[in-house]
Amino acid sequence: MFQQTVDILVLGLLAATALAVVRMRTLIGAAMLMGIYSFLSASWMLILDAPDVAFTEAAVGAGVSTIFVLATLSITTIRAKRQTKFQFAPLAVVVLTGAVLIYGTLDMPHFGDPEAPVHRVGNRYIKRVPEEFKIPNAVTAVLGSYRGFDTFGETTVVLTAGLGVLCLLRKRREDEPKVVTE
Amino acid sequence: MILTGVMAAILVTMALALVRATLGPTLFDRILALNMFGTKTVLLIAVVCFTIDRTDFLDLALAYALMNFIGVVAVLRLFLHKGFGEPEPDEEGASS
Amino acid sequence: MSEALGLYNYWIVIFLMMTGLYLVISTGNLVRKVVGLNIFQASVLLLYVTMGRVDGATAPIFVEGRETYTDPLPSVLMLTAIVVGVATTAVALALTVRINEAYGTIEEDEINEQEHAQELAG
Amino acid sequence: MSEHLAVLPVLLPLLAAPICFLLRNRIAAMGTAIAVCWVTFVAGVVLLRTVVTTGAPAIYELGGWSADVGIVYHVDTLAAFVVVLVSSLGAVVLTFAPQSIAKEIPKEKHHFFAALYLLSMAGLLGIAVTGDLFNVFVFLEISSLSTYALISLGQDRRALTATFRYLILGTVGATFILIGTGLMYQMTGTLNMAEMAAHIRETEGVRTVLVAIAFLTAGIGLKMALFPLHAWLPNAYCYAPSSVTAFVAATSTKVSVYVLIRWIYTIFGTQGPGSMSGVVVDLVLPAMAISGMFIASTVAIFQTNVKRLLAFSSVAQIGYMALGVSLVSESGLTAGIAHLFNHALTKGGLFLAMGCIAYRIGSVQLADMRGLGRRMPVTMFLWVLGGLGLIGVPCTAGFVSKWYLVRAALEQDALYLAVIILLSSLLAVIYVWRVIETAYFQEPPEGKDEVTEAPLSLLIPTAVLIGASIYFGLFTEWSADVAGLAARELLGVVR
C-alpha cells in the first residue's frame, strides 16, 4: 500500500513537472524545470530499487545536462519567442504514438511481477555474479564485464561527442561562418 | 506509519517548490525553487532508504546534496550579470 | 482494477515520453527542442527501470539476509543510455551556439526566413 | 589472429580515431586514417572470404562471455558483405578526401575530420557485425554523432541548420529504436537477437511485440530516410562537405537498410508460426517504398542544385531496396541486398564527381554546370556513367539489381510492381537527362574563369567507384552471387 501511494504521488509530480516544462515560456525556467524533472526521476529510480541509475541520472542528467543548457543560454540568448498559434499536427502525432504504446502495454506483465519474462537474463546475472566475482554490486559486474563492450561503446560515444563539440566550437582562424552565395 | 507521513509532507513541499519554479516570475525565485527542490530530494532519499531498509544508500543523499550545491553555484555564476530582480523577458522585443 | 493498478506506472511513463516528444516537434525554439529531447530520453530511462522492478525485492547489491533482488540488466542498459543522452545534448547545444552565431537567432521561423532570403539571393 | 577477425574491422578504426586526433598534424592524421581504412577493408574482405568458404557464421564472444550473458558478434554472409561495402567505400572516399577538404574545411580542423570519419565508419561496422540489439543502439549513436559533426563542417551556414534538423530527427529515431528494443526485451527477457527470435516464436500475436516492431520500424525508417521520414536528408547531403556527402550517402542509409533486413528476417521472422512482421512487410514497407520511388524522383526533377537532386534520388533508391526487402522471396531479397551494394557504388561515385566539380567551379548549381562537358570531359563522362547506373541501363550495376527486382515481382505475379519499377526508372531518366543536357548542350556561362579538369588525386577515386559500378554490372558473379547467398541464409534455405 505504501509503495502504491508513493508511486502515484511521485509519478503525478513527474507528470506535473513535464507539463510545466511544455507550458514554460521562458528558457531559463524550462532549463530549471528540466533539472527538477531529472532530480525527481532519479528519486523515483531509487524507489524502484535502481540506485546506480538514480545516482548517474542525478549527476549527469540533473547536473551536467542542466548546466550545459544554462551555459548555452548564457552565451546565446535567454529570450524565447511566444508561440503565437496552437498547432494541431504535433499533438495528433503524439496522441497517436501514445495510443499505440498504450495498446502495447495491454499485454505487458504487470508492474513488479517477479515471473515476468524480462527477468530471464537478469536472473542469470543474480545467480552468477556472486560465484564469478568477489564484488557485491551486480550492476557493476554486468557493466564492467559481462556487457563491458557496451560500456566501451559508451566511452566512445563520449569521445565522439567531445570531438564533435570541440570541432563545432573551435573558432576559425580566417573568418566567421560565412554566407556562401551560389 | 510515521515515515509515510514524513514522505507525504516532503512530497507536498516539493509540489510547492515546483509551483514557485513554474510561476517565477524572477530568475531568483526559480533558482531558490531549484535549490529547495534539491534539498527536498535529499530528504526524500533519506526517508526512502529507511523505508526500504537499505541504509547503505544514505551515501546517495550526500551525493545529491553535493550536486545540488554545485548546480546552484554554477547557475549563479553563469547569470552573474544578467540581473536577477526583474521578470525575465519571454517575448521578442521585451527588455533584457 | 488490478489491471489498471498493474499498468498505471507504464501509462504515466508513456505520458511523460509523449510530453517530451510533443515539446520537440511543436516548439520552434532550438533550446526548448533540446530540453524536450532530454525529457523524452529521460522518460525512456524510466520505462526500462520500471520493467526491472520486482515486488518485494531489493536493489541488486548483495547483502546478508536478502534473497530476492531486482533485475540488474535494465540499470546497466540505462547507465549507457544516460551517457548517450547527455552526449547528444552536448552536440545539439554546441550546434545551437553556432547557429546563433551564424543567424543571430535561435528561433526556427526566423532562421527559415533568412535561409529563404539567401536562397533567393543566390 | 584469425579468431579475432570478426572484431578487427570495428576495433581498427575505433582505436585509430583518438590517435588521429592526438596527432594534430593534418597530413599525419589523414595519412593514418587512410592507411587504417585500407587495412580495415582488407580485414573485411578476409572476413567475408572466411565466412563464405567455411559456410558458417563467424561468432566472436566479446570478453569471453557466451551469448546467454554477454555480447556476441555474429557475422553471417550478409553482415560480412556489409562490412566489405562500408570499409571499401570508406577507404575510397577517404582517399579522395585530403585534396577535397583542403578547399572546403579550415586546415586546423582536418585532424577532427579524420578522427570523426573513422568513428563514423567504426560505428557503422559495429552495427553490421553485432548480434546484440542494445549494442546496435550504442553503435548507431556513435556513427550518428560523428556524422552530425562531419556534416556541420560544411562551408555554408545552412549546413548547421541541416545538421540540427538531422540531429533532432535522428535522435527521435534512435529513441524510438530504444523504446522498441525495450519492449522486445521486456517480452523476451534477452537482448541477443538469436535468442530473442527463439522466444518470440513462443509469444505469438502479443500486442506488446507488435508495438515494438512498429517502433523499431519507424525508428530505423527515420534513420534510413524511408520516404515520408526523409525530411532531414536533402539539406544534410546538400550542404555537407563533398567527401562527407559521398561517404554518408554511400554507407549510412545502406547500413540502416541492413538493420531493417536483419530485424525483419532474423528476429521477427517472415514465415511460419509466430512470424510477426506481416503488416510491416505486406503493407507499410511497400506503400512507403512505392510512394518514395515516385514522389522523391518527381521532386528530384525540379531541383536546381545537383547535390540536392542526387539526394532526392537517394530517397527514391531507398524505396527500391525497401521494396525488395518487403517481397519476402529469394530473388526479392537478393535484389534488395544487391541494390544496397550497387547503389552505394553508383551514388558514392556520383557524389565524388560532384566533389570534383565543386573543387573546380566552386558550385554545385545546375546553372553553373552549363557547358561543363567540354571543360571537364573526364569528370562529366564519369558522371554520365553513374547517371546511367541510377537509371538502370543494361551493363551498369543498377541494371542488375533492378532486373532481380522485376524478376521477383513477376515471380509473385505482381505485374503492376514491375510496371511501377519501370515507370519510376523513367523519372530517373528525366532528372539525369537534365544534368546531361545542361553539361553538354548548353553554352558555358560568359565571363567565368576557364575551368580545367579536376586533379588526378580526385579523379582516380571517382573513376574507381564508377568503374566498379560498371564492372559489377558486367560481371555479376561476385556481387549478385554473394547477395543471393546472403538472401538464402536469411530465408533459412540452408546451403
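A few points about this structure:
Order of writing sets the labels: A, B, C and D. Residues in every chain begin at 1.
The rule is simple: a contact is a pair of C-beta atoms (placed from the backbone, for glycine too) under 8 Å apart; a residue touches a chain by one contact, two chains touch by 3 or more.
Everything numeric in this text was worked out from a predicted model, so none of it was measured.
Of the two interfaces, C-D and B-C, the higher number of touching C-beta pairs belongs to C-D. The chain with its C-alpha centre at the largest distance from the centre of subunit C is D.
Put simply, the C-alpha centre of subunit A and that of subunit D have 30 angstrom between them.
Here the spacing of subunit B and subunit C, counted between their Cα centres, is 20 Å. With centres taken as mean Cα positions, subunit C sits 4 Å from subunit A.
Across the assembly, subunit A contributes residues 49, 51, 71, 73, 80-81, 101, 105-106, 108, 116, 118-119, 121-122, 125, 147, 150, 153-154, 157, 160-161, 164, 168, 177, 179-180, 182 that each touch 2 or more other chains.
Under the contact definition stated at the top, the residues of subunit D that touch 2 or more other chains are 134, 138, 141, 145, 148-149, 152, 157, 160, 179, 185-186, 191.
Among the residues of subunit B, those touching two or more other chains are numbered 52, 57. If you check the complex, the residues on subunit C that touch subunit A are 2, 5-12, 14-23, 25-29, 31-32, 34-36, 38-39, 42-43, 45-46, 49-63, 68-80, 82-91, 93-98, 100-102, 105-107, 109, 118, 121-122. Across the complex, subunit C meets subunit D through its residues 17, 21, 24, 30, 33, 37, 40-41, 44, 47-48, 51, 73, 77, 80-81, 84, 87-88, 91-92, 95-96, 98-99, 102-103, 111, 115, 118. On the side of subunit D, the complex with subunit A involves touching residues 14, 17-18, 21, 62-63, 65, 68-71, 106, 108-109, 112, 115-116, 119, 122, 126, 134-135, 138-139, 141-142, 145-146, 148-149, 152-153, 155-157, 160, 179, 183, 185-191, 199, 203, 206-208, 210-212, 214-215, 305, 363-365, 368. Touching subunit C in their complex are the following residues of subunit B: 52-54, 56-57. Taken in their complex, subunit A has these residues touching subunit D: 100-101, 103-109, 116-122, 124-125, 128, 145-150, 153-154, 156-157, 159-161, 163-164, 166-168, 170, 172-174, 177-180, 182.
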